[in-house]
Amino acid sequence: MSSEAPAFTPEVEAAIQTVREDVARLHGELVRYNLIVWTGGNVSGRVPGAELFVIKPSGVSYDDLDASNMILCDLDGNVVPGTAGSERSPSSDTAAHAYVYRNMPEVGGVVHTHSDYAVAWAARGEEIPCVITAMADEFGGPIPVGPFAIIGDDSIGRGIVETLRGHRSRAVLMQNHGPFTIGVDAKDAVKAAVMVEDVARTVHLAREAGPLIPIPQEAIDSLFNRYQNVYGQNADARR
Amino acid sequence: MSSEAPAFTPEVEAAIQTVREDVARLHGELVRYNLIVWTGGNVSGRVPGAELFVIKPSGVSYDDLDASNMILCDLDGNVVPGTAGSERSPSSDTAAHAYVYRNMPEVGGVVHTHSDYAVAWAARGEEIPCVITAMADEFGGPIPVGPFAIIGDDSIGRGIVETLRGHRSRAVLMQNHGPFTIGVDAKDAVKAAVMVEDVARTVHLAREAGPLIPIPQEAIDSLFNRYQNVYGQNADARR
Amino acid sequence: MSSEAPAFTPEVEAAIQTVREDVARLHGELVRYNLIVWTGGNVSGRVPGAELFVIKPSGVSYDDLDASNMILCDLDGNVVPGTAGSERSPSSDTAAHAYVYRNMPEVGGVVHTHSDYAVAWAARGEEIPCVITAMADEFGGPIPVGPFAIIGDDSIGRGIVETLRGHRSRAVLMQNHGPFTIGVDAKDAVKAAVMVEDVARTVHLAREAGPLIPIPQEAIDSLFNRYQNVYGQNADARR
Amino acid sequence: MSSEAPAFTPEVEAAIQTVREDVARLHGELVRYNLIVWTGGNVSGRVPGAELFVIKPSGVSYDDLDASNMILCDLDGNVVPGTAGSERSPSSDTAAHAYVYRNMPEVGGVVHTHSDYAVAWAARGEEIPCVITAMADEFGGPIPVGPFAIIGDDSIGRGIVETLRGHRSRAVLMQNHGPFTIGVDAKDAVKAAVMVEDVARTVHLAREAGPLIPIPQEAIDSLFNRYQNVYGQNADARR
């Protein structure tokens, strides 16, 4: 670490290290669930108690990712100079992640992939209808579509935030592009990325063979509320 | 194990331990055959000679499952206090498993997954027609659909039992939800979960390209009877 | 090995051992290429210089297959008593394999799977048209469909032989059942099983999106002849 | 190495060894991304500073490929006698690779696979429309189709060169055959082979469920230009 590195408190240093390890490791889940090919896809995590987040470097093989080459950024998406990994460029989607962290303080993790079934819905600009109970549990309704936006300004980040703010879904399908997911932390956002591809695939398969049976709205509400509140060992880790 | 733990006979203790090991290990088969993502899906097994069954904890990573964190329940689905793993919550589908064990004494194992092709048929509420010989062998006819039911009371368990009681099939597609399978033991129910996804996929693919050739009922009967009676090294392990 | 074991010459003993090892190992290729689930599928190999073949036991996990539990059979499909593995039942498809060996002396290996795309064509009773050059190379034309036949007599074996005798294809899709493939040895038949699923999948995908371009017959002939004669390091190992 | 081996300068010897290692290793990426079955598919790499390239042997298992059995060829596709691996036949697609290297001096790597979705488009002779941003990034527009051509003369190589010369795309779908990709080196061509299958699959899935939303040409241009110039850590490694 060079002499330019900022002086963080020991608590923040420890939090940065934890997020670096989590974010590096969680990229492995994108591989495990076949959500990415080559160097596509990226996971980031907010550093609790600081105006910082950690994201993967651009164009580096998933085999070579570890805590020390993850990149620390401020909430404007600028690399924090003098910190581990800062000699590399961060993911080309860093500006979109930063925009989400700046505008959605409740978000602790952001994930972007090009997982195939989710991208297929995005290429048609079509939301995924909520016809399976696992989707009601996880997303509380349909997966919405965000606007067409290309890299170069804040338009991707703004599209994500405008679509997901106040929405039950933690996933948005950016038109012609692919899914972005958010969560209370990086792991939660990765789970949403895994689940959105799973429901994108299942509903695609279901619909190509005939008409789907809708789930009544009150059943969707009931499933969503139960799952957010009582599922798992640490329900309050979700929200 | 705390002092509240019930005093089981050595035979029951040994049986519990065997089922714990089997159930923990069999979750690995759900992973191997891509039947689940994240923490979805669950396997349970009845403890022979006792009013007990073993099931997985809720929301725990498949990488972390082992015999010691499987959860022992009575046939009302209550965790047996003071036993290994009892500090955790059991699978959120525990009530459905318990209902099956209470009402189908011949059942020794229950499995639930959200495997994609099976869920796709469930989202249309459509039974899978028996057009391949492997399906006649294993299920003896079509895979039936069970009612729409949501978590919160006995309605899922009742739907499973009412659909499968007296039916050749060991698998039911619960509408908008997914497959539940039963078997003489946990392994047999896992096999049924693997096979139901395989036939759901194959018949989906077959039908999307043109009309299917039905198998005559007497051939289905002949295949089912042969398979149940003579296949494998331990035919009587199946029924 | 019990005292009933026949006295083979050392050459035949050595050949049996080689085929046992090959057949056990080649089942791993069925797993690698996702052609089978659970204990489905089987590979057999003829013992050169003897009226014998080696096949897998029935209903045994693929994890547990090795040379010593493969089963030695005569060309009527009877287990050779007193030989390694003879205490178990052979694959329930043994009679079909034996029929092929009895009636096609040029065949040194037979494979059967329920690979999904191949079974999908079989469930429609539809041959796979030859629209890709790799298929012309490997099979020299379409993959034919064999008759509906069920286990219990020689009808499966007869259907395979009547369809493949004099045909360029080493694969047949038995109606409503699945693919059987043949080869000069077990490895060659396994290759055909891998390739038939690959072409079944590719042509399925191609056709569901629009009309296919046929390959002129003379190009098919040219590709097939070249591939059978010059491809690979050991062209004469193929024919 | 026999006495016939040509005397290369130490620099060329070192470059040959590096390319041998890269080409052998990169075949593993074709396996990792499920682009090939059995011994299908091949990767080659030009030796910088020499009129030579390295390609895989014909019909050899992917498990057995290493630097020492890769084959060194001149730009007419003739094996360089006396060099490591020269006792074997090179890939049956060697003539096509050689034609590309002779006629496109900017190309440093060539890859051919039979990846299923790409072949499916090729069997219809249909180009893949550019409807996803990752495809605009990587290929700058649609993936073109090349002519029907069979092994035996220069027609495959000529078809590749005539289609890709002056085209943004590094991938061509040879009709009824499959994808060939080019790159600045072997790794770049492998990346293109991975990406062309990914986009072939995604656009196939997208279109089978309804109409696609086109991406405006100026957005495609902008994405392509940015990606070629600024993406990754070593942008100039791409072009």
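We call the chains A, B, C and D, going by the order they appear; numbering starts again at 1 in every chain.
By definition in this document, a residue touches a chain if its C-beta (ideal position, glycine included) is under 8 Å from a C-beta of that chain, and two chains touch if they have at least 3 such contacts.
Owing to the predicted nature of the structure, the values given are computational and were not obtained by experimental measurement.
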| item | value |
| --- | --- |
| Fraction-based call for subunit D against subunit A, same above half, different below | different |
| Equivalent-chain rotation between subunit D and subunit C, CA atoms, steps of 5 degrees | 90 |
| Mean-CA-position distance for subunit D and subunit A (Å) | 33 |
| Inter-centroid spacing, subunit D versus subunit B (mean Cα positions, whole Å) | 46 |
| Residue list for subunit A, restricted to those that touch at least two other chains | 208 |
| Touching pairs among all chains present in the structure | A-B, A-D, B-C, C-D |
| Subunit B residues within the subunit C interface of the complex | 33, 131-134, 191, 194-195, 198, 201-203, 205-206, 208-213, 215, 219, 222-223, 226, 230-234 |
| Touching residues on subunit D, where the partner in the complex is subunit C | 37-40, 57-60, 88-89, 92, 114, 116-117, 119-126, 148, 150-152, 175-178, 204, 207-208 |
